[in-house]
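In what follows, a structure is listed as structure tokens, so that the remarks can point back to it.
Order as written gives the chain letters A, B, C and D; numbering starts at 1 within each chain.
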Amino acid sequence: MTFEMGEETREVQGMWDISTYNYLVDGAGIKLLVDSMKEKKIRGIKCPQCGTVYVPGPTFCRKCYIDIDDVVEVGETGVVMSYSVEMADVRGNPVDEFRVTAMIKLDGADTWIIGTISGIDWEDAEVGMRVKAFWVDNPMGALTDIDRFEAI
Amino acid sequence: MSAQQERIVANAVVPLDFTYNYRVGQYVERYIKGLGQKKIMGVKCPGDSSVVVPPRKYCGRCNAIMDEWVEVGPEGTVENFTVGHVNLNKGAVEKADTEYVVALIKLDGASSLLPGKVQGVSPTDVEVGMRVKAVFKDPAEDSLEDLSHFEPAG
Amino acid sequence: MQRDIAIVAQAQIMSDAIGIPRERMLFDLVKGLFDSVGITRHDIETFVLNSNDFEVGHTIANVFEDTPVGAYMKDETHVEADGLWAAQYATMRLLSGNYDTALVVGDSSGASTFRPYLVMDYQLNPTHDRQLGILNELSTAALQAKAYMAKYGVDEDQLNKTAARLLRNAALNPNAVRSKADATGGDVLASDYLYEPLRELACYPFTDGACAMILASGKRARELTDKPVWIKGMGNSVDTYYIGERDLAVSGSAKAAGVRAYKLAGITDPAKQIDVAEVSAKFAHQEPIISEALGLFEEGSGGKVADEGLADLGGSMPVCPSGGGLGGYVFTANGLVRIAECVRQLQGGAGKAQVSGARTALAHGQDGFCAQHNAVMVLSTEEG
Amino acid sequence: MRNVGIIGVGYTPVFVSKRKDVNIAEMVSEAVDAAYRNTKLTPDDIEAITFGNMQTFEGVNMPHLWAVDHMRALNKPYMRIATGGTTGMSTLHSAYYHVASGLHDVVMAITWEKQSEGDSQVGLSGIVMPEAMVMVQHGMDLFGGKGMGAMGGGSTGAAAYQATSYLHHSGASPEHIDKMAALERSNAALNPYAHLRKKTSVADIQATPFISWPLRFGHTCPTSDGATVVILASEDKVEKLADSVAWINGVGCACSDPATGNFIEGQITDPAEQEPAKLASAKAYAMAGIKDPAKEIDMAEMYNGFAHQSLMWLEKLRLCKEGEAHKMLDAGALNIDGELPTNASGGVFSTNAIGASAMNRPAECALQIMRKIEGGHQIPKKIKNAVSHGWGGMFQYVTVTVLGDEPRHG
């Protein structure tokens, strides 16, 4: 290429002030979920029309386009649908300990959740493996009430 | 809307802001350097001969590249102005301590009007047609703000 | 135009504190619209969404709008400009013959979620104006008002009267977020100056809301409603960004947009042929500037129009019987709201604000500082 | 329906990581200039303009308004389109409909990104910022990975899950990703408008560290500064204005729900399913009269932020059977001189000015059809039908454009 860039020019700054926004987010599904987790249960919402079970539960079914509010409980066991192994941090530096995170389809749910799989060598992870949630001793109603998933 | 299901609205405030770095480009770069020497530089369109300040590459009326640099001002005429009673702080309206003048100024030799603040005169005494001159920062800071404001000429 | 396209139905919501998430607002609105027409989301062949990342506060604003508007696994696209452009794009998609039905939906939450004046700051030239903090939405609008007053000898009382008319009209509009049934120029005068001559009541109120409408090609439109509102013409045009290089007292781009739309619609004398207009004015003074550019009134007649009530509901050319932007300005979706108000008029559903016998209407949308970018749509009860 | 053709393409002279010499408007104007130069048209010939970028990547709201003079758009109809990663092609489709509607005859589409002005990781995180915040409020362990909902995948995000799922279902191995990466980087070395231009071997790719298994650094795309402009014309005008043309014979787009990241509303499903790619391509093929894409399509430009995606899209767009793409790769069919040259340009994977990325795909197809490729990546065989693809939103939005050397009939 014969193109040569011109002389460098200075930089000036500008902001996108994210902190000035007041976002309104639908919190019903996640509240239902964490409230149930306090009892070591996992609850979502089922669409009565197509039968899809969403975890966490939305307020409407995206397929049937109707309001939904049938609370259902799903299993604490499930199947690994996909996974990855974190080998570098977000800055790209290698990490000391590889972490296996997986997309898990809990038994009875149609949407997936993401969780960490502990207690296995990363090379043994595979799609289709069955896993089970392990709870903390004193759940408080938070997403961290599940401590980890382990292979069954 | 379903009656049974509790409607829960989570208010989320995200405590961080994103910063961007804008390259000013060749035209604004040269303009800023000029301000440091107390010169206001515009560019002339080869199509309609208009002189534009702040300078930029393209004249949209003629779709021509403006590449002839022309010094304009430092004196000019107030063509239009408004008196500000508020300040906007990140978009929030705040009552200004003192009223201030934002004007569109036709610098001598320029065709376009340059937005600027007019100081050193009571807002009630500012009028269209008033002659003003540019006030530069001394010493210069090598920034756009080296053209600090305008004040009555003479 | 190569096919007849009509607006079948519209729905809108406006609030000064919506209180529900955007997704839920959109679902309720669009679901209600489908139900009112008796169709499902599967009857819509293309979805044209309309929002702005900086208003929503999300990168790729349309990502979370898809499922609430029923677009799951459907054909969808997104216009990031005022809603009038989204409606124009949907019309083009139908005109191509590639589709027979379209949903257009826009939303914005300027009362609850974002700060409209700050979002306008992000529109400033980042290499110059944004660095200096001299120009902003209010100071530029004030300069525009001054330019108009100076050029045509219009005074502040007359601008205040214009604002008062809009606030009175807004009282007839159940969707408006700000109104005053007995508003006078004196009420506007009593509100505070922001930048002279802009007073608070002459500026748009921050508004949450959304607007949706169903468009369809000729045959399909007649199947879906017995009151189709036909799109007869449309156009848009843009001025330079630099307010120091524009005659702010007039709007060249609104004029050019109107010329394009009128040519398609066969309108030669807009002041006679148009029965009602919904103009997007963020500030009272913008209404005469834009109305004049569109040929609804003589150039520079804003003072006379205000004094003689020519733009009033019973006047020679009713402008914004809805109250327009002063009754509620759903930022990016505002152009859609203007179209929706024209649809209400032409379907005879505008209630107390009904312009009797309205057959041809004009809707207008704008973007940018001092209405840099303008778009127009001409609507009619008559096909062909 | 009216036939619409691409009659010219203009790129910025280079796509690089940092254009320090020009501002946004100046940079984009270079591609506008190139489009005029390449077509010998002038702004007077253009009736309307469409414009697209991802505005949170530069933090400028409605940049088309500020840049209007540089775009030569004054007093013209002007429309801004944004759909995320697909913005480029969505902007092209908007220009297409400007012409197909019968309203205009000659329309310009302008797409660009100057990613060096912002932080693309930050820009992308803006997609789910408030949702992530609510999850944090509910105890999500953002970095420790405890419990439910943490994203994982490191800086590749959910692309790593997509790759794993794809490999599982297709039977391809991680080495196929390396191989595709090496092929595309080597193609890019021939393309003067590519950003990363270095002949690359499989061993070179395999020497790069893993970020998140199965994805390596060598599987990821750069962030670029650059712009792409395309001029479209109606059938009537093509003859008068152009010496060559590539016809837009089919367009399609479709969305799903955000398959990743939006945990709050239970919307996470398989990021490798990509049903919208099937829907959008089916629509575009039908318009173009293509019944068997695997037989009738001569080249493909796929949107691949990550190297595994080229293979995945070939299957979703029915250019081969599911699970066959890696076999085609092994057989050399995807090479520039192969049966189905895929990303002869080097793909998004080698050049990523994100607002232009989904425009470069059909632009490259058009240039291949017109045989106007500069550099060494001209496909030797005659191209009758080409398919280009854009992917974006939050793993859930796809655009497809089918181009041909002859206009569609009927």
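Observations on the model:
One rule holds for everything that comes next: a residue touches a chain if its C-beta (ideal position, glycine included) is under 8 Å from a C-beta of that chain, and two chains touch if they have at least 3 such contacts.
None of the values given here were measured: they were computed from a predicted structure.
By the document's definition of touch, common neighbours of chain A and chain D comprise B, C. Most remote from chain C, judged by the distance between CA-atom centroids, is A.
Two chain pairs, A-C and B-D, are compared here, and B-D has more C-beta pairs in contact (counted per touch definition above). With centres set at the average Cα position, the gap from chain A to chain C is 40 Å. A separation of 37 Å divides the Cα centre of chain B from that of chain D. Rounded to whole angstrom units, the spacing between the C-alpha centres of chain B and chain C is 29. Chain A and chain B, compared by their mean Cα positions, are separated by 47 Å.
Under the contact definition stated at the top, the residues of chain B that touch 2 or more other chains are 1, 7, 9-10, 12-14, 18, 20-26, 28, 60-61, 90-91, 144. Residue positions of chain A touching 2 or more other chains: 6-7, 9, 12, 14-18, 20-27, 30-31, 59, 62.
Residues of chain D in contact with two or more other chains: 19-24, 56, 58-60, 68-69, 73-74, 123, 126, 129-131, 133-134, 257, 265, 267. The touch graph of these protein chains is complete, with an edge between every pair of chains.
Only residues 13-14, 16, 19-23, 56, 59-60, 121, 126, 129-131, 133-135, 138-141, 145-156, 160-165, 168, 192, 209-215, 217, 257, 263-272 of chain D touch chain A when the two sit together in their complex. Within the complex, the chain B residues that touch chain C are 1, 7, 9, 20, 22-25, 28, 50, 52, 54, 60-61, 80-86, 88, 90-93, 102, 104, 111-117, 128, 143-145. Interface of chain A with chain C (complex): residues 12, 14, 16-18, 20-26, 59-60, 62-63, 65. By the touch criterion stated above, chain B contacts chain D in their complex at residues 10, 12-14, 18, 20-28, 56-61, 63. Here chain D touches chain C in the complex through residues 1-2, 23-24, 54-62, 65-69, 73-84, 90, 93-94, 97-98, 100-103, 123-130, 251-258, 262, 265, 267, 275-276, 279-280, 283, 287, 392-394, 396-397, going by the rule given at the top.
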